[in-house]
């Protein structure tokens, strides 16, 4: 199995409105360092898993509508509990939709929220 | 598949009493930077894999009896060859026992022993 | 010259209300990985620059009122433009005040805001 | 499942002679930080996955013929498109051949090419 | 004293044609992770050391003519021994010239060449 | 001002026998990731601060007598309180003595003891 990973980041505000989240119920924020890892069993005719320019652009496009925003006020996240796990899956879906036809395999999206905590979602891209 | 990882560390002394370990047969020590990664196929009703406070506390509790000790002298490790691999599994067992009922999935424990070497154990939590 | 550095972090929301900041004028947020470096020409009788427990606690106490908050709404930051540079100096002042009498030397506070950008403030502690 | 990982690096020149690679068609170069991860379901009688000295030496031996060379001119890579993915698999093969009989399990070779991009190949060692 | 640092990278080929450099006399290459740190005693009216967009663009512009090139063949480096130290100063000069009038203070340029070695040049920007 | 930094590490046991150190009074241990930074105002005729092979070897030689030992039992550290700060200065002295005549400038030795704490000593090499 081969894989290629690229890194970008976003800075957002949000709040987690459930008792379980303690002080994170407050409006606060995070820098998420976002890694998109593309995995496939074979390389294409250029000896690559995916064109790194396409991967880089699609990661940017997935993060762009979130960057420098308060997620609590974005229509596309209305009523969602935007935990790191949830956001990893949400970004996964954006990229997976965008690369359909250009990439078949597994995509893993990891969000680093600090030097001591991170979360990820991994799933197939059909 | 979702995952959440948290990081802590411990500073311990030990020796590895077999010829195979060369100079590490001496009493020496290590800082282990310990990552506990919890993996599960679904999120709970709070959109999380595991409560991060519970995960953080259980990791601390697993490391606490080892921190600032000479592992050669701890009763619970009597006669054990405390390689990094062994310790990864040992800490895995402590956490796995502690989170039973609060987490079902796979737990991976990674011990970084320097900037150039690390080891891990991964297994199911029933 | 000796130095000791410890690391903590905070997750906050804020906005930077000047044209110069482009999209960062929006309410957004950041994880700041905060390093407090204490520098002194000599060690004390315990061969240390500063008691690491005191340093750790004072860094925590400096970050605690900011953690999980929207800086735009904190009274102590009212009307301030909370750039990373400003926050580095602000945290420096909190720690410097708290360690007076326990530490004499230079304190440097660095705030990492992502894997590609960080800022710092360095000054004397009388 | 247990794993042990060790890190080394190499500095090489090469070019990627296909339109798809844009400016990387030029002769340029890279530092690859190379991680070799050995995974196995059980530990041996020394409580290890693989002797770390053997692992370290075999990784060095796999990188040695490439270090400080222009890959475009090495006979063993003649006519190959030496992408990071390809090199991960190539190094995997060198190590896999060398550790046969000393290690049975899965080997993953990861090449970090910068702070924002890396690639890997993972496969069985018979 | 305040500082702001930003990070970029470049991948280049070169050779160091002196006996002292051993195998690095061969044509080989490197990924340099480049940090540009701007230091100044005071903040401007926007509470910043330098506009981060200007800093980011000027760092990119300094690296752009080198990226994906063989330094041995660039006219502007003709006859130069392009050690990491030399390149740190060369990039420093490019940025220092470009930010004159926009920044007064000290600029430090650090080039990370691997996980175990880096070099830097620090000097005034008039 | 130019600088070059190289990294190595050592794994040691020790104890800090003063009340001030709390649980670190126990025999425990640490991995120290050791950075040796050589600073000088000018480059030599090879465009370098110091021959990186000499620097690497001298760092190794300074760490070698400590690696895989219990510092409490080493004659050369008899009766010393081997804090991280003390060890940074001790290693500084070893390297400074060894490079006399080969390097004139400032040497900084940094010991990383975990992902959240490190210490350093910086001084002239005559």
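A few points about this structure:
Chains: A, B, C, D, E and F, in written order; residue numbering restarts at 1 for each.
Assume contacts are C-beta pairs under 8 Å (C-beta built on N, C-alpha and C of every residue); 3 or more make two chains touch, one makes a residue touch a chain.
Bear in mind the structure is a predicted one, so any value in this text is a computation, not a measurement.
The minimum number of touch steps separating chain B from chain D is 1. Here the C-alpha atoms of chain D line up with those of chain E after a rotation of 180°, rounded in steps of 5.
Taking the options A-C, D-E or B-D in turn, the interface that duplicates A-D in more than half of its contact pairs by residue number is B-D. For this pair, chain C with chain F, the centres built from the Cα atoms lie 27 Å apart. Averaged Cα coordinates give chain C a centre that lies 40 Å from the centre of chain D. Annotation for chain A: residues 7, 115-116 touch two or more other chains. The touching residues of chain B, counted against chain D in their complex, run 18, 20-22, 80-86, 88-89, 115-123. Touching chain A in their complex are the following residues of chain C: 7, 9, 11-14, 23-24, 26-33, 67-70, 113-116. Only residues 1-8, 43, 46-49, 51-53 of chain E touch chain C when the two sit together in their complex.
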